Amino acid sequence: MTDAPALSPQRLRHAYRQMRLIREFEERLHVEIATGEIPGFTHLYAGQEAVAVGVCEQLGDGDYIVSTHRGHGHCIAKGCDVLGMMKEIYGRRDGLCKGKGGSMHIADTSKGMLGANAIVGGGPPIAVGAAIACKIRGNRQVSVAFGGDGSANQGTVFEAMNMAVVLKAPVIFVMENNGYSEHTGAAYAIGSCDLAGRARGFGMPAECIDGADFFAVYEAMGRAVARAHRGEGPTTLEAAITRFYGHFEGDPQNYRAKDEVARHRRTMDCLQRFRARVEADGSVAIADLDAIDAEATDLIDRAVREARAAPAPVEADLYTDVYIQY
Amino acid sequence: MTDAPALSPQRLRHAYRQMRLIREFEERLHVEIATGEIPGFTHLYAGQEAVAVGVCEQLGDGDYIVSTHRGHGHCIAKGCDVLGMMKEIYGRRDGLCKGKGGSMHIADTSKGMLGANAIVGGGPPIAVGAAIACKIRGNRQVSVAFGGDGSANQGTVFEAMNMAVVLKAPVIFVMENNGYSEHTGAAYAIGSCDLAGRARGFGMPAECIDGADFFAVYEAMGRAVARAHRGEGPTTLEAAITRFYGHFEGDPQNYRAKDEVARHRRTMDCLQRFRARVEADGSVAIADLDAIDAEATDLIDRAVREARAAPAPVEADLYTDVYIQY
Amino acid sequence: MSQLSMRDALNQALHQEMARDERVIVLGEDVSGGAGGSSGEREASGGIFGVTKGLLPRFGDQRVIDTPISESAIIGAAAGAALAGLRPVAELMFADFVGVCLDQIYNQIAKFRYMFGGRSTCPVVIRMAMGAGMNMGPQHSQSIYAMLTAVPGLKVVVPSNARDAKGLLIEAIRDDDPVVFFEHKALYPRKGEVPEEPYTVPFGEAGLLREGEHVTVVALARMVPFAEKAIDALVKEGITCDLIDPRTTSPLDIDTILESVEGTGRLVIVDESPPRCSFAADVASMVAEKAFGALKRPIIQVTPPHTPVPFAPALERLYVPGPPRIEAAIRQAMARAT
Amino acid sequence: MSQLSMRDALNQALHQEMARDERVIVLGEDVSGGAGGSSGEREASGGIFGVTKGLLPRFGDQRVIDTPISESAIIGAAAGAALAGLRPVAELMFADFVGVCLDQIYNQIAKFRYMFGGRSTCPVVIRMAMGAGMNMGPQHSQSIYAMLTAVPGLKVVVPSNARDAKGLLIEAIRDDDPVVFFEHKALYPRKGEVPEEPYTVPFGEAGLLREGEHVTVVALARMVPFAEKAIDALVKEGITCDLIDPRTTSPLDIDTILESVEGTGRLVIVDESPPRCSFAADVASMVAEKAFGALKRPIIQVTPPHTPVPFAPALERLYVPGPPRIEAAIRQAMARAT
């Protein structure tokens, strides 16, 4: 808490709203995907909301993030329009990416959201580049690379980490360790079983945090941003977290113990824990949170309704947006 | 010394011979390249001999190594024919690779030498694969990946290290830190300024050794091989060393202090230090070493003579050796 | 002879070859799956596309190796294992991922034999799933066989049906040269007659799937069933075509194509990858040089536009050359006749 | 107007654009050199090929960035910096190194605009040295522009002389689309008339370097001076050729080629990369479709064999298409006339 000033009630409500919106978005997608109406394959972020929101609540539109194949939460947390996102996921013409990218490529550079990414490890080098721009401008902007435990084994991520240290780039590597890459456990795929330790090996400070605790994430991120602002370069945050659903929708999850998700839903639900904490310290009225929940449900209802009704792209769209001029 | 039995006089003479042969080979190339007679560009290993030889004296033909663009020393240490090597470097038809590869691609798989490599970081993943083969055969073979300080920043190397730990592959990563990658200092390009520490971050033991001390390299390598034999997986050896010449022949070396190489030649010459040590403990007669020096000079003379006289490849050779059958 | 999906045909080939030759190993991400999972159950996956199912329980984790997400290390490890005497079959999952490991494919594996003066072999098979049609978006739907067909030292296989797929994969595993093996995602569930016993389909021998007089049609992978549809629809109008499935783009059986064009004088090439420097262009250029005299009409290429693969189903359907576009191209080849 | 080598012309372009637009940055390995060296001297290098000389002293290490050997991070950083509003010029050194960073080029940079629905720009220039002729061996001598020409979303520049090189590089830096810029190693020292002031050479406009009646010759990069030699030698025999240098392979000025073929009826394409799925095949296939009626003779492609680039001078000389092979191809195009 020392590093970050206590959050005002409306900041707290905003943070809660963002987490709830992500949860609602994903829970609803889980239902709609089952109907077969949504094309492609989708990776849900439900369970990890406190990481995206705890990080992005420390950022402004001028700051940058790069995301992953599991990007919906990062997009919402960075301020992407949920209606445009839902339409994109439905493959609609007025989706955020005109239906050309889909779930794994949602982006809004005007919001500093430099794209979800369907290539594991594709994002971190891009985040370093955005950080170079921040550094040259000298305007206290920072850049964030979200990534999973599995992505941490991609060489591109190591290159990005070392280069960030060499260039003292203001970038924060947020490693969301949800225990699995697809159907393989992190305990197997990460030789050292210690992402933070690996990052320290590259010469940057690294903190391990409880990814289900918004406040822990928010405060650690505050320290990382402060370091970047002091010109001390990159930081890694390893967030222990879990995903409430399969790797992608339709994943039978045989690699998980029968009770694992249920147990995590009881103990690692960032929304429940946020509610418990603010109820305890009285910083926000529970009624306000209930109201936010209702709003979120309505907004997502509307998003799905509009996405269903929205027009599909037309043949002319097939040839556009490849080049600015060719 | 505890790990490695004291070396017999003839083993010592053999080690010295290998180091001298490499030095002679490279010093002579330095002279011949200046005449313009040798095609392409060449990276000399002179100064680093104790690393290649200290490592390879712990290996047999059944063990594997992968090398780099600076590969002559590794090739000689692993038993490649110096006459065939010299012819290859001259681009001759009966060169070790029929003149098709050249200095940066010398290989002899029958000797377990899986190739020099002109792609920085190309080798380590290949070494992990050879180690997988060793592990499956369960025949106590090991695999070695030689690499420089600069190569240590290539993502492929990190991937190889992590995978080796995950698979407990019997591979030893020998990082020859000669202080430079091309014209850039390791102090700049390696954020942590600590290759061994980075390797430890991946979950494997790493030792820092004096690369100019044959005995230090040999004994550390003995410990690494013993670990591999015990099924404990990979080890990294970071050898502090220097190169006596430029990055490639013709490099003006403006990045180096005027006296740097001279100083290193005085203090970091593995041959002088080997001589001093065996003279002190009397394990080998200096006269024997002088005789070895003379032999080496003769052999390299002959290699250059034969390479000069050897025939160039002919047009028919242009189309062969791409496929076994096509 | 039983009806098998291409997925099961490929799986059968892997089982039979691993049983036959203990040097054959399989490695890749989730080829088994389950390692380090909380259920303790191994083979939680059997491959994202199910092609490696049953291999781990049968052959063990020394020969069926789950890897971290480290494609350069996966392909590089396959290369090193092959140089050391094994016969690795590496799975890259999506072909689009060549971007993170191309060096090991095109600078290392493809060139070892040549660079080393013919003194080594690198019998690696690299399997990868290709193609559009499942709305997987721009980074999971590409058909990049042209990029690898262009690389001297590689052999490239692009099967169109279950029967060929099994025989070609067994051939690939037994081949002493490196082989890149493309599997079209949309063809995995497609069934065909597949002999139970092991057999090989030789490289560099095209399949002639339809015989006709008027037009030569060349197609690969998913474009083959689409071309069959188009061709069969035209028969009632008296337009008949040779349909040639090269099966391997490197080596390429150009002779069968040239022979056919000598007879028809008309060539339509159907290719799922964008038009520039493509396989379609490759075939067209060879015919324009070697069968020029026989050509009665311009060579027609049916390809997607010069754009990435779109996500939206409405666009992806338009992007992929389908039977109607192929039919139109064949008509065009005829029409110009008058 | 002064005589400059292509190296100095490129260097001048970088100096002028960095001075003009402070958003332009340069990054890569040893673009300056000397960082962390014991002499303390910066710019110990100025680029392995000397193209970035003088930039660090003039523009400082915030805009002239030496990097570790981490090509994926170099190209990815260029991509991210561009998305964030800069105009990075990344140096990959040897084009052969695309193998370790292709993903950032072909899945990221090339596709951003499309994947993001046209709502972003990624004005990156990626410079890389290509080509054989210096005995640098199989992994340092390739001509891989076809691989990247095939990628929708990229523009690809392959200059053949100093004057074009400067104008095309300035155009590339000012272009809002991603551009891959190939520099032939053997052309770096070649001098030509180069205007001092900044100027641009537009993309998609071929240069017509010779005009003739009998044969259309298309060539790129180092093949252009070789083709000039061959063409000039034939003039005394009364054989005259159009020599077309496309300068950019994407976009490609196919119209100029088609127009010329309409006149000559004969086409010879000279390409330094191996024949399969090549730029030569690409051009041949377009002509075989769009100027078929005008063709009097088979299209002839002059390329190296389907092999890696050999190291030995004796072999590399035979590998690279030289003036004699080009001359022979032109004769062949004529000969068949009778």
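We just call them A, B, C and D in the order they show up, numbering each chain from 1.
Throughout what follows, a contact is a pair of C-beta atoms (placed from the backbone, for glycine too) under 8 Å apart; a residue touches a chain by one contact, two chains touch by 3 or more.
Source: prediction; values computed, not measured.
Ranking all chains by how far their C-alpha centres lie from the centre of subunit C, first place goes to B.
One finds 36 Å separating the Cα centroids of subunit B and subunit D. Averaged C-alpha coordinates give centres for subunit A and subunit D that are 40 Å from one another. If you average the Cα atoms of subunit A and of subunit B, the two centres end up 45 Å apart. Look at where the CA atoms of subunit C average out and do the same for subunit D: the two points lie 30 Å apart. Residues of subunit B in contact with at least two other chains: 95, 97, 99-101, 105, 117, 119, 153-156, 159, 162-163, 166, 188-190, 322.
Within subunit D, residues 67-68, 70, 72-73, 96-97, 99-100, 103-104, 107, 114-115, 137-139, 152-153, 305-308, 310 each touch two or more of the remaining chains. Taken chain by chain, the contacts link every pair, so each chain touches all the others. Of all residues in subunit D, those touching subunit C in their complex are 72, 96-100, 102-107, 110-111, 114-115, 137-139, 146-147, 149-150, 152-153, 250, 273-274, 276-282, 284-290, 292-293, 295, 297-301, 305-308, 310.
Chain contact summary for the complex, subunit D toward subunit B: residues 29-30, 33-41, 44-45, 48, 66-73, 96-97, 99-100, 134-140, 305-308, 310-315, 318-319. Contacts from subunit A toward subunit D in the complex involve residues 64, 66, 95-101, 105, 107-110, 114-115, 117, 119, 122, 124-136, 143, 155-156, 159-160, 162-163, 166-167, 320-326. Interface residues of subunit C, counted against subunit B in their complex, comprise 25, 27, 62-63, 65, 67-68, 70, 72-86, 88, 103-104, 107-108, 112-121, 152-153, 155, 176-177, 204, 251.
Taken in their complex, subunit A has these residues touching subunit B: 153-159, 161-166, 188-194, 197-204.
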